[in-house]
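Okay, got some structures for you below.
Both of the next two complexes hold subunit A, though its partner changes from subunit B to subunit C.
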Partner chain A sequence: MKLLFQQIIKTLILGSLVLAASASRATAQDSSRLRLTSLDALAGKASETVDVNIDERLMHVAASALTSDDDSKEIKKLINGIKGIYVKSFEFEHENEYSAADVEDIRAQLRLPGWSKLVNVTSKKEGNVEVYVLFNGDTVGGLTILSTEPKELTVVNIVGPVDLQKLAEFEGQFGIPDLGLESPKPKTKKED
Partner chain B sequence: MKDDYLWDKSGEPDPEVQQLEEILGTLRYQPRPLEIPDDLIVQRRRNYFPLLAIAATFVIALLAAGLWYRAASQKSAAPLEAQVEQPAPAPTVQQRPEDKTLATENHGPSPLPRVPPRKTQPANSVAFNGKRHNRASAPVLTAAQEKEAEEAKAQLLMALRVASEKLNLVQRKTQGAGGPNQIRNQHKIG
Partner chain C sequence: MRTRNVPTIGVLIIAVICASYASGAKSDDFGSVVKMIEQFYHVKHQGIPFLARAGMKAATTAARIKGGTARRLAEAGSIKLAVFEDQQFNSAGRLTQFRSSLNAALVGSWSPLVQTLSATDGTQTYIFLRDATDKFHVLVVTIEPQDATVVQVTLSPRNLALLLKDPDGIGREITDEATTVDPD
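Now for the complex of A and B:
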């Protein structure tokens, strides 16, 4: 009886450890997904809105549409392991049509444990760009780019491992034109 | 008179000693079998701790299994909810008539594809495990699935492009006015 009891206790401890490990992994994956619904109210103010929600299923669906040429292979490599990509971008006619409070919910999520601010670029004219990375041990489990410009607000949330180098190389390649949306704008007389 | 009688009962006994023997002899040990009364109730103290521990183990294991199953079912059902109840919004460009996007001016057709709302799949195409029958079992995509795949691909490319643009902007800001795609010079992560 005593042996049986000890065996049950050992099994229970082992099962609890496995459960805790799985739970922590699931929690890490969930924490890399940001809640972007707080930004939905800005859609009414924005002159242009981009809203992309690609969950894991849609990632598979999109991958199935990729052909077998070299470009598509590179894209498949890039998105391999990514569980979702979520983009919200708002472009406004005038400056200060959104406030820091509108972004505070996003920042609060990025202050949670696990997220690390990788890069923070500050510019009075062109706004700030912050790059956050969620580490799962030594690997990247998520990426968030928060771009707050005077007339534009963009949040990109990638759930899952992502190669920053390949992602940066994406623009202007694979048949996707380099739109240069972020290139320095020509100065006007008012700015001078 | 000898006192041997007191020692080993030899010799002539003393009457007083004999009288004392007879009086005290009634109290001498008399062997007899053990008799247990029928109405005797034996109360044993049972140790319930092992049974309670085993029961608690099973209860905890059941709770853990229930939580595991619930988490797993929620995780697998999430994409299904997004598809059926809240169709994943296609990349939408809400543009006022008087506005002109940079892309439209510079590159002709809008780079942000106007994708019509995705049609929800019929309910009978959804298996109980949250995966679609037709996609899993039928290798040949139907027209609707091909359309959905193309839309998803367009969304994916646009999302990747936006992310790439922002990363390149960061790279340009941090490394001066270098050309695009120089983030390779930074620390590679992932």
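Now for the complex of A and C:
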């Protein structure tokens, strides 16, 4: 009887640990999905607007359907485990048609615990390209690219594990614009 | 016994009628979008028979889309098409208003995949998706200053994956494919 009781306790503890681990993974995943709706108002001022939403179900379809040729195999590897890709991009006719306040809601989310700015990412394009990564332990749980130019604003939010060395390969695919990214080195700096 | 069953049967009949009405309404989102464009821009669409008579775009072969062997994206017989040719789509200052109306009309049943608006040249492209068990319905709305097309097709998961990989390019191909008539 005592043995059975110990067995039940062990099972309960193990079950709780598994639940806690999956809940923590789910939380990391949820927090890697940014709210981008605050940018929607910019569509009224922009000369060009692009809005892309590829959710988890669609990523899963893409990952399981792309299998036949070598090209698809590479892409399948690239998107393996990714839970969503969300892009908002705006081009303006004149400079200063959007302000820092318009991007503040995005930046506020990127200041939350877990997000780190990669300081060693460079872009061939002019303007300021910032890459933020949400670490889930040692692995990347999500990524956000914030590209701010005087006449252009782009936010790319990738939910799920991203191979940082292959980050540039996403450009021009899945609705992600060409941001001229160059593969980062592993060094990171924690944002204040 | 028989009398007691009457209300139950009545309720069942009403439920079936309501369900079929609801699914009918859902399946006619294509028609609602066409109507919405007509009302918003005060234009009229032309159906496929009109296009065939006029011979519009009929000379373009599917092979020319990719410059080689034609790749069929849409499942056979799945294409619904409405075309607006040589009409005025005045979108100046109203791009976001149209976008909101379109999104509101399709919210719940369709998911927006890509939406591109250009105030510069007045073009708009919208791609919406809807799950259809093992396939996907795709609705592509393209509006230019003088033309517009609304295309609904059914895609296999493989072709949906291609669409996700290159939403702009494949979205254009879906529209091209729907408005192209094979010469044979």
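Basically, the second predicted complex is superposed on the first by the 135 of 192 C-alpha atoms of A that agree within 3 Å, B and C clash if a C-alpha of one lies under 4 Å from a C-alpha of the other, contacts with A are read in each partner's own complex, and residues count from 1 in each chain.
Here is the rule we use: a contact is a pair of C-beta atoms (placed from the backbone, for glycine too) under 8 Å apart; a residue touches a chain by one contact, two chains touch by 3 or more.
Everything quoted here is computed from the prediction, not taken from an experiment.
**Student:** Between subunit B and subunit C, whom does A:78 touch in the aligned arrangement: first, second, both, or neither?
**Tutor:** In the superposed model, A:78 contacts subunit B only, not subunit C.
**Student:** In the overlay, answer first, second, both or neither for which of subunit B and subunit C A:112 touches.
**Tutor:** In the superposition, A:112 contacts neither subunit B nor subunit C.
**Student:** For A:156, decide between first (touching subunit B), second (touching subunit C), both and neither.
**Tutor:** After superposing on A, A:156 lies in contact with subunit B but is clear of subunit C.
**Student:** A:53 contacts which: subunit B (first), subunit C (second), both, neither?
**Tutor:** A:53: touches subunit B and subunit C.
**Student:** Can A:43 be said to touch subunit B (first), subunit C (second), both, or neither?
**Tutor:** So A:43 meets both subunit B and subunit C here.
**Student:** Counting contacts the way the document defines them, which residues of subunit A are shared by the two interfaces, the one with subunit B and the one with subunit C?
**Tutor:** Shared contact residues on subunit A (touching subunit B in one complex, subunit C in the other): 43, 46-55, 57-59, 61-62, 64-66, 75, 93, 173-174.
**Student:** Enumerate the contact residues on subunit B facing subunit A in the complex.
**Tutor:** 50, 53-54, 57, 60-61, 64, 67-68, 71, 75, 78-79, 82-83, 88-89, 91-96, 99, 101-103, 106-107, 111-112, 135, 141, 145-146, 148-150, 152-153, 155-171, 173-174, 180-181, 183-184, 186, 188-190
**Student:** Which residues, counting only subunit C, touch subunit A once they are in their complex?
**Tutor:** Where subunit C meets subunit A, its residues are 95-96, 99, 111-120, 129, 131, 136, 156-158, 160-161, 164-168.
**Student:** Would you pull the subunit A residues touching subunit B in the complex into a rising list?
**Tutor:** For subunit A paired with subunit B, touching residues are 1-2, 4-5, 8-9, 11-12, 15-16, 19, 22-23, 26, 43, 46-59, 61-62, 64-66, 75, 78-79, 85-87, 89, 93, 118-119, 121, 123, 129, 131, 133, 139-140, 143, 145, 147, 154, 156, 158, 161-165, 167-174, 176-182.
**Student:** Under the stated contact criterion, what part of subunit A meets subunit C in this complex?
**Tutor:** 43-44, 46-55, 57-59, 61-62, 64-66, 68, 72, 75, 93, 173-175
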